[in-house]
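Structure provided below as structure tokens; questions to follow.
Order of writing sets the labels: A, B, C, D, E and F. Residues in every chain begin at 1.
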Amino acid sequence: MPIVRVEMWPGRTEAQKAELARVITDAVVTIAHTTPEATFVIFEDIAKENWAQGGVLASQKKEKK
Amino acid sequence: MPIVRVEMWPGRTEAQKAELARVITDAVVTIAHTTPEATFVIFEDIAKENWAQGGVLASQKKEKK
Amino acid sequence: MPIVRVEMWPGRTEAQKAELARVITDAVVTIAHTTPEATFVIFEDIAKENWAQGGVLASQKKEKK
Amino acid sequence: MPIVRVEMWPGRTEAQKAELARVITDAVVTIAHTTPEATFVIFEDIAKENWAQGGVLASQKKEKK
Amino acid sequence: MPIVRVEMWPGRTEAQKAELARVITDAVVTIAHTTPEATFVIFEDIAKENWAQGGVLASQKKEKK
Amino acid sequence: MPIVRVEMWPGRTEAQKAELARVITDAVVTIAHTTPEATFVIFEDIAKENWAQGGVLASQKKEKK
């Protein structure tokens, strides 16, 4: 029943999410010994004005990554 | 203080969410012995391109449910 | 694919969780038009010293519910 | 590594979120003895039709706060 | 209805959590214009063997903070 | 800033979590174009009596995976 949740800034394409879902699922199945059907991957886009490090919103500082 | 969080694909109407909130709250109050005022239900819509099972995005396979 | 997450204070028995899972799943299936197999319910116990309302930990005030 | 997640109804400005991120980070650094760089704050807006108390969606009752 | 969730490594005392809950609630009430009673703070301890940065579990590298 | 959260049943060793963290981080860095330092992986063990599919707790049915 692994549920994997990936929070990232917006901007990744559906193709990137599809590849991430595939690779992460493979890793979970292989390493944690489960089945693909029992493995879920959920993506959540977090806008930069909704995410802060060091007390500063990502929308208000120099982008680093 | 029960907090119930429901993640579903988009497409449910506000009426469906209202009914779900009512029925889930009743269940929690009755079975877990709390009060309605202390019970919260939060809905989150997860787009199909943000949700994968078996390593495949729901937006890229045959819909099943 | 509904995923329902229920956060409560500790103290509910496995029997209460089993009944909650059954009733919540029925509600989701009926109202949101999905299948039981696609519906997941996850419980998380939150200790009272890890939960505050009004700025006061539940472990440090009069219990209300 | 503290990760702080703030769920609120929509309507707060980016300036309010920036101030909240700053003040919460200061509190976590000071009280929990970590560093600003290791402290993250994430905001999630929850629409009123996605949030219920007492079994009633916030979008369907008198606003209280 | 703000719900604030704080994930940290274990080791903070109940007194630290109590102070954090109080200060964070004050900040949310003042900055986001809500009431103390409507503001919840939930703490979750994440063990170091359950938390990785840079692909390395915190339990397996030099502690930094 | 990707934050990856992996919920699984208990029973995986720290070595399995370490390998999962490494492989998932590699995948996120490569596919989503971020840095290892900005990528976090958090594991949460969900006991079988806290997890239901089809309205039945995993602790109360035949194990399948």
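Here are a few things to note about the model shown:
Assume a contact is a pair of C-beta atoms (placed from the backbone, for glycine too) under 8 Å apart; a residue touches a chain by one contact, two chains touch by 3 or more.
Since this is a predicted model, take the numbers as computed values, not measurements.
Contact with both chain D and chain E is made by B, F. When every chain is reduced to the mean of its CA atoms, the largest separation from chain C belongs to A. With chains reduced to the mean position of their C-alpha atoms, the one farthest from chain E is B.
Averaged C-alpha coordinates give centres for chain B and chain E that are 25 Å from one another. The distance from the centre of chain E to the centre of chain F, each centre being the mean of the chain's C-alpha atoms, comes to 21 Å. Among all residues of chain A, those that touch two or more other chains are 1, 3, 7, 24, 40, 46, 51, 53.
The chain pairs satisfying the stated touch condition come to A-B, A-C, A-D, A-F, B-C, B-D, B-E, C-E, C-F, D-E, D-F, E-F. Of all residues in chain F, those touching chain A in their complex are 1-9, 12, 16, 19-20, 23-24, 27-28, 31-32, 34-35, 38, 46, 51, 53, 58, 64-65. Put simply, chain F touches chain D in their complex at residues 1, 3, 40.
Remark: chain E residues 14, 17-18, 21-22, 24-26, 36-37, 39-45 touch chain C in the complex. Those residues of chain A whose C-beta lies close enough to touch chain D in the complex are 7, 46, 49-57, 59-60.
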